[in-house]
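Only one structure is covered here, and it is reproduced in the block below.
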């Protein structure tokens, strides 16, 4: 795409917390208002920075969960048990208070309806966040690109956006869950880690030239990417984003 | 493969801070094995500073150290870098 | 002008995960004390088998010397308790190691070298004046906290040179090369300070 380079040095802006949404026992979405927000593309992330009174700082990256919506930016944050930043964002920050944020960041792991499909999204745990931004962007645009989400979670309680995904299913969007640790009574879906067999069953055929986005912990993403290549998919069509310990 | 190793997406903010342009879509050709690929797909290690390594051969493509107001970037492991302008 | 120095936006009530009940005299300028042991690395964790591992002293000396893993473990070793300081601003107090003093490894060596480079599996190097790793200032350590040194923390053996920022204590160390002249290493050639004294806050070139 010629001439669409994202330009300009990133600067830290002040984002105000507007609303907190509980997603699962360990996950919340914080909705922020960023006055100078230039808009964003699904798949991009922001860097968040906290500063203590004595100057100590910590920085973390969070994927944007929301479709573009004026100055509103939603981040879905998993509260890590001994986390340095996440517990503050999910449990301490109060509506009206502000945090430093810079973004939007990223130009590779992005999708917009004009990119087309068929679109295959593979999520490991909280890796679903940037993929949900893609699904929400698609819905807001009333786009009907054939899209499938294969979403791996530990248990039903850990599935983020469960109701919304169910509501958005149809109109070309299919959602397949796999629950790796425990399943509810009567569960008939996948009950194991994502593997080549599962991908072969769920993903479009190579001949359909699908576009893949896989996001989650490094081992998950590596295994998925390798399996897709073995299934005959074109490596440049497989985009990956690894989640892991970040910050400085 | 190390669980701690992330990819170029994790340093997208730092790279944009340094280069003033989005860099994860830039395509680097490894000076070691000659393989091209987007910066988003390189392996990123955090030591005292940041090291970007070729996902095919492990060659150190780039090293980045960020001080308070200065940054040092060694790109000698990249034979050529293609960027959108 | 450092932009962050202009004004700090303080996050109400946030302290981070560091320890604050410490004697400030033990903390070099700009450092914060952590309870964790962050794992930082310039590359993937090597996994050299102990059968193939050796440690060498090479370069500017009459006869190179070396030890297999068994020979190395048979050397006199000691327990060392020190504070360590990373250039990324975290410090860890009273870390306990088991290791062989570099003085033991260099005992009896005749050399006109004034500098030494630590070199590691994976290609990492870091440099110091020879006088800063001798005289009880440096060890090759193989245990941390009473346990064999984990690969992610530099095992089977790493350097411990507490008087400098911790990038000057090479993980996965395989030897010391003695030189007549200084040869800046992996990070010293890329912005980090050539000497790296935490008490002088020598983090970057020119500090």
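Letters A, B and C name the chains as they come in the text, with residue numbers starting at 1 for each one.
Rule of thumb we're sticking to: contacts are C-beta pairs under 8 Å (C-beta built on N, C-alpha and C of every residue); 3 or more make two chains touch, one makes a residue touch a chain.
None of the values given here were measured: they were computed from a predicted structure.
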| item | value |
| --- | --- |
| Most centrally placed chain, judged by C-alpha centres | B |
| From chain A, the most remote chain by mean C-alpha position | C |
| Whole-Å gap between the CA centroids of chain A and chain C | 38 |
| Gap in Å, rounded to a whole number, between the CA centres of chain C and chain B | 25 |
| Chain C, residues touching no fewer than two other chains | 3, 88 |
| Shared interface positions of chain A, touching two or more other chains | 248 |
| Chain B residues counted as touching two or more neighbouring chains | 1-2, 4-5, 46 |
| Contact footprint of chain C on chain A as seen in their complex | 12, 14, 50-53, 55-56, 58, 82-84, 88, 92-93, 97-100, 248 |
| Touching residues on chain B, where the partner in the complex is chain A | 1-10, 12-13, 16-17, 20-22, 24-25, 38-41, 46, 83-85 |
| In the complex with chain B, residue positions of chain A that touch it | 1-10, 45, 47, 61, 102-103, 105-109, 217-219, 222, 239-246, 248 |
| Chain B-touching residues of chain C, taken from the complex the two chains share | 1-5, 39-45, 86-88, 123, 152, 165-167, 186-187, 189-192, 203-205 |
| Complex contact set, residues of chain B against chain C | 1-2, 4-5, 43, 45-49, 51, 53, 58, 60, 63, 65, 67-72, 74 |
